[in-house]
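Please go over the structures that come below.
Next, two complexes with chain A in common: one pairs it with chain B, the other with chain C.
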Partner chain A sequence: MADDIKKAIEEEILIEVENLSVDFPISRGLAWWKKDIVSAVSNVSLKIARGSCVALVGESGCGKTTLANTLIGLITPTGGKVRYKDQDLYEVSNADYKKIRNNMQLIFQDPYSSLNPRFTIKDIISEPFRIRKNISELEIANHVERLLKLVGLSVRDKDRHIFNFSGGQRQRIAIARAIALNPEFLICDEPVSALDVSIHAQILNLLLDLQKELNLTYLFISHNLAVVRNISTHVAVMYLGEIVEYGEVDEIFNNPIHPYTKALLSAVKDDDPIILEGDIPSPINPPDGCRFCSRCYLKVDECDKDHPELLEIETDHFAACNLIKKRTA
Partner chain B sequence: MKYKNNIIFAIAKSLLNTLITLGQMIIKIWNHKKGRIGLILVVMISLIAIFAPFLAPYDPYDVLQRGARGVGPSTEYFLGTTSYGQDIFSMLIYGARVSMSICIITAILISFTGAIIGIAAGYLGKLPDAIIMRVVDVMLVIPTLPITIVLTNLFGKSYAMLIFIFTLFGWAGLSRVVRSQVLTIKNTNYVKSAELFGGGKWYVMTKHILPGVSNQLIMNTAMTAAGVMIAEAGLSFLGLGNTEFISWGKMLAEAQSSGAFLLGYWWWIIAPGIGIFASVSAFMLIGFSLEEIFNPRMKSSNSQYKVLKTLSGTYIKELFEQMEAADNVGGIENE
Partner chain C sequence: MSDKVLKIRSLKVIFPTERGIIKAVEGIDFEVSKGECVALVGESGCGKSVSSLAFMKLLTTPPAIIDTRVHEFDGKDISNYTDKQMKEIVGTEMTMIFQDALSALNPVIKVGRQIDEIYIKKLGYSKADAKAASIEILRLVGVPSPAKRYHDYPHQLSGGMRQRALIGMSFASNPKMMIADEPTTALDVTIESQILKLLKDLQRKNGMALVLITHDLSVVKRTADRVYVMYSGKIVEEGPTDQVFNNPRHPYTKGLINSMPKIGKTKEEFTQIPDNVPHPLNKPEGCYFKPRCSNHDPEICKLHMPAFENLSEYRSVRCWNPIEDAGGE
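Moving on to the complex of A and B:
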């Protein structure tokens, strides 16, 4: 009985993304009236359960940052819905929206541009409290100390400017700021990709510790599958704005379905890797058929025309591929 | 009650912070070779302007009481007299008041308006930005002199009018620079982060954008002061300056119109010239030193020469490359 309740709580859906699309109109050259569409995120659906860590994996330029920024509200989507605990983010009242937003935070990709170089550590970490107002200086000071300890920085450093700090320390500061208001949901946009390899493990461990300590739910963006394996519970593989495969981390690693996922994994496992030809194509006016077909090593004729839907192939394991669809049908 | 105390505390703190940063900046300028010379000059000229009544041996407006007209430099009149019998040394001292105060007031006004308009355009974006930038474009290409003549004819030539005209024509260029800086800062992730925490436009503007553009503004203020000094001299020389007080530009204009050049009264021309030269170079020196302090990459014995040097350097290099290429072509043909 108790287990059932526990499971129910664990499976409470915190974030639900439904058919989210983000298009950027761009004008080409002098012909400003002719707008091209960059389809950065296309028809993405995703459920994130409380306490889980969903990894979003994909090559550079596939729309990971755009998706993250849209979830958090920095970008207005062209279509689709984002629900937070059954509240539609784009339909709730302003006051409710503010409350929801306080529960979501983002750690930016690059800790060098996400911290104001004119600020001291204390200024940076206390910014969330100051914006919220009606809090005394003493309380702010206490919070700053608590947060600095939490992310493993020395309290003595609080009056120093950030140009004195290394990338890893900066990312710790950014993390401290992100968790300042006790969010429930934290998006980590490639939190280690701008850092030295030697520091990756430290930061990842910090994020894992914080998850346990503060009951956080993560959307963890990365282009490194090896990192993902240790930290996440679910994996979503993204290609050119679309999610092509989604499932639990062990499922994805042991039983990948989509040719793109297979190729990514074989590169990590490194026994007879599948090498994808060419680069990721431009997301400007993408093809009607499968977006992966230009690089797919299993391509058949219908891939040029038929756009595969994301289907539940096995329980809790989704993939979007014409070949698989045929197999199950 | 607690809240009230907090406000007072916050104001006092921000005032103190401003003072501290100003102090730090002055120390930095002082530690800079060029900046120190400029700082000393500006302080000296300002002191002279403030204490003019105590320093000037005669009343500079006093035309009738002495019989000495067009007298050269002597122990009685350090810098000689005008052909109306005014003591030039006293005029020089009093002239500092008008010239310096116009410079400083206008420079500050231009910086404020330019900054506010530039920040508004950059941060509001969209329609306000488009409108403001079109106005700026117009202001930048508008012929200033005819409009100055029209304005002074309509509203009279006065001290306040000068300041108004200079500010009117001065803010546009600055606001364009500020706007581009604001756009850069606005798109940084730290501003996005502040917005994620619910920081409104006012918060972002005062906490991130204003401090971010302040360096540029301070430097610009110094440079503008130098420019205004020259512009004031120019307008006064054309007879469009203020009619109320003695300024260095007006001294030059009077010297010219009374035929000082023909009469050989060189002291009448040199004295205001020195005043203008000293104050312009003082402001420029401060401006250059600030430029080097804020952009350490530019640090060198003389940034202006360096720009020239690199320019001519690349030019010469290109020339050599072209010659070499021509040689090669010639060589192939010969073979």
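Moving on to the complex of A and C:
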């Protein structure tokens, strides 16, 4: 497995993120001239190889969705670069961006609100074709049939309206639409968390099958670590806008380095989990030192001031922690 | 045993709607004893919340139509209690916490004052005593700097902290029974383990009966002494948590357990349950789980709903063809 992944990385980096930051200015009530900054994504660097599935984990509000949206050009970053193959996403012409965008699609958490209930399945799945290509009705109909089969829905249902379908079926429809134009890269933002638990495995297996069949690359956002364990090839752990640990999935789960990653895993694995005390800091004007230090059970004095860099601690295994840095220094 | 805090027999709840009659709860038996933590687990729409509201007689009739054979709380028959009589015990002797702590708290009243209300209105404390008691309860539920937080409005607290405040409120009156409806679903995993630990600690300390309502089997496994598994308005299996997890007898329970992704040393496949949860207006003939069941008998399961039968002193199952006993009890 590990060798396969290394080969893949050598083969092709699909997306490269370099020192990406996204700040949202928010005004401070009546004092409108004084702006506070929400540091939603801070100095994130990441390489995504073709065919891999990179999971993004971390607590609510840590910046997962913001990072994902920035990766496909929906939010303009405050700093840093996103490269798709060799093109800089924020430098290319509009026409080139449109082409790139066809290759990058999103699947959202909530299949209830992301699909228009007045449309039939066929309307929904054929929409991308109508907007983006000049093709005949017959071709579109063929595509719709092909896609329905691919996501495990019955072709007979193509003229039925969305409200007739369960959450799991709707998510299949959303997936069919997302893969309609043969994208290379798919962002799945909590794709099963709104669905019945007995349906989760069906949708996850579908995503895995499609990945194999269509050679897709995934960014998979999830708060369910057990799902991440079994679907991803790489894991990026985010905390308050930063990536604090990154590596291959086996490494992260069997040999976590960062105290936050350890606490996350402990919360779902151990009978007597590590309990994090302390206040969760706000992403508004975050602390200068380590962003995790207010809750860290291993904190030392310097963590208040020194901001740890993301360093390669072991081969292909990165972490940002003052303690680890110290040990290797 | 006279330590039963809640005992209910044959609870039925239906909702007449324009499109038909929704049988939300179809005759369930439920009980919880002093010092016991019981989980009611099942998927979205199976009737967990409706049942728990009925346990506390909080459902509005109409639209709901309710029927129960036995309804005892703390040894008293409350089946014919008036709203006024119920008001005296709901909120003091039996309390409830909900998933969404933000909407359960009044946004324009300081958190501390909301807890004061319980001491003043329900327990007859003076204002000063109530304030001292509220700060104490905030401290007890692990809110840092409680004397300061007392003056905060709900939106100034983090999600986990709000849930703590809410737990504090429902614990202030030292209740005999607390029902927690998805208390951690909106929270991150590290916060989830804090809250579950808090609930268990409070429950043990006071010998309170705790009813935990959830769709998350891993929460059940970590927290409950006994579990009821619900499917489409009916209880399909009941027993001590470890026995049900190690030796599930209903195919649905087994399917749910198998479909929980595991965090192992290596990647594993997702085990899926086929098909979908039945629509509440369109439940199948015979056993409701039959269309998804790999263990069904083609004759009997299609025709008749199986009875809820005892397998042993502590275990019951609603199935014509239960999974073979794996032993070990």
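The rule we apply is simple: the second predicted complex is superposed on the first by the 314 of 329 C-alpha atoms of A that agree within 3 Å, B and C clash if a C-alpha of one lies under 4 Å from a C-alpha of the other, contacts with A are read in each partner's own complex, and residues count from 1 in each chain.
As a convention for this text, a contact is a pair of C-beta atoms (placed from the backbone, for glycine too) under 8 Å apart; a residue touches a chain by one contact, two chains touch by 3 or more.
This is a predicted model, so every value here is computed, not measured.
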Task: Side-by-side fit of chain B and chain C on chain A, or clash - done: fit
Open item on the list: For A:201 in the superposed arrangement: first (chain B), second (chain C), both or neither?
Closed with: second
Open item on the list: Between chain B and chain C, whom does A:223 touch in the aligned arrangement: first, second, both, or neither?
Closed with: second
TODO: Considering only touches as defined above, state whether A:276 meets chain B (first), chain C (second), both or neither.
DONE: second
- [ ] Using the touch definition from the top, say if A:26 reaches chain B (first), chain C (second), both or neither.
- [x] neither
Open item on the list: For A:264 in the superposed arrangement: first (chain B), second (chain C), both or neither?
Closed with: second
Task: Most chain A residues touched (candidates chain B, chain C) - done: C
Task: Partner chain in contact with A:74 - chain B first, chain C second, else both or neither - done: first
- [ ] Report, in whole Å, the shortest distance between any C-alpha atom of chain B and any C-alpha atom of chain C after the two complexes are superposed.
- [x] 10
- [ ] Would you mind listing the overlap between the chain B footprint and the chain C footprint on chain A?
- [x] none
Open item on the list: Applying the document's contact rule, which stretches of chain B touch chain A when the two form their complex?
Closed with: 2-3, 6, 9, 188-190, 192-199, 203, 208, 211-212
- [ ] Could you pull out which chain A residues touch chain C in their complex?
- [x] 1, 59-60, 166, 168-169, 196-202, 204-205, 208, 223-227, 229-231, 249-250, 253-254, 263-265, 267-269, 271, 273, 275-280
Task: Residue ranges of chain A in contact with chain B within the complex - done: 72-74, 98, 101-102, 105-106, 108, 110, 113-116, 118, 127-128, 131-132, 134, 136-137, 177, 181
Task: Touch list for chain C against partner chain A, complex - done: 43-44, 144, 158-160, 188-194, 197, 215-218, 222, 255-256, 259-274, 276-277, 279, 292
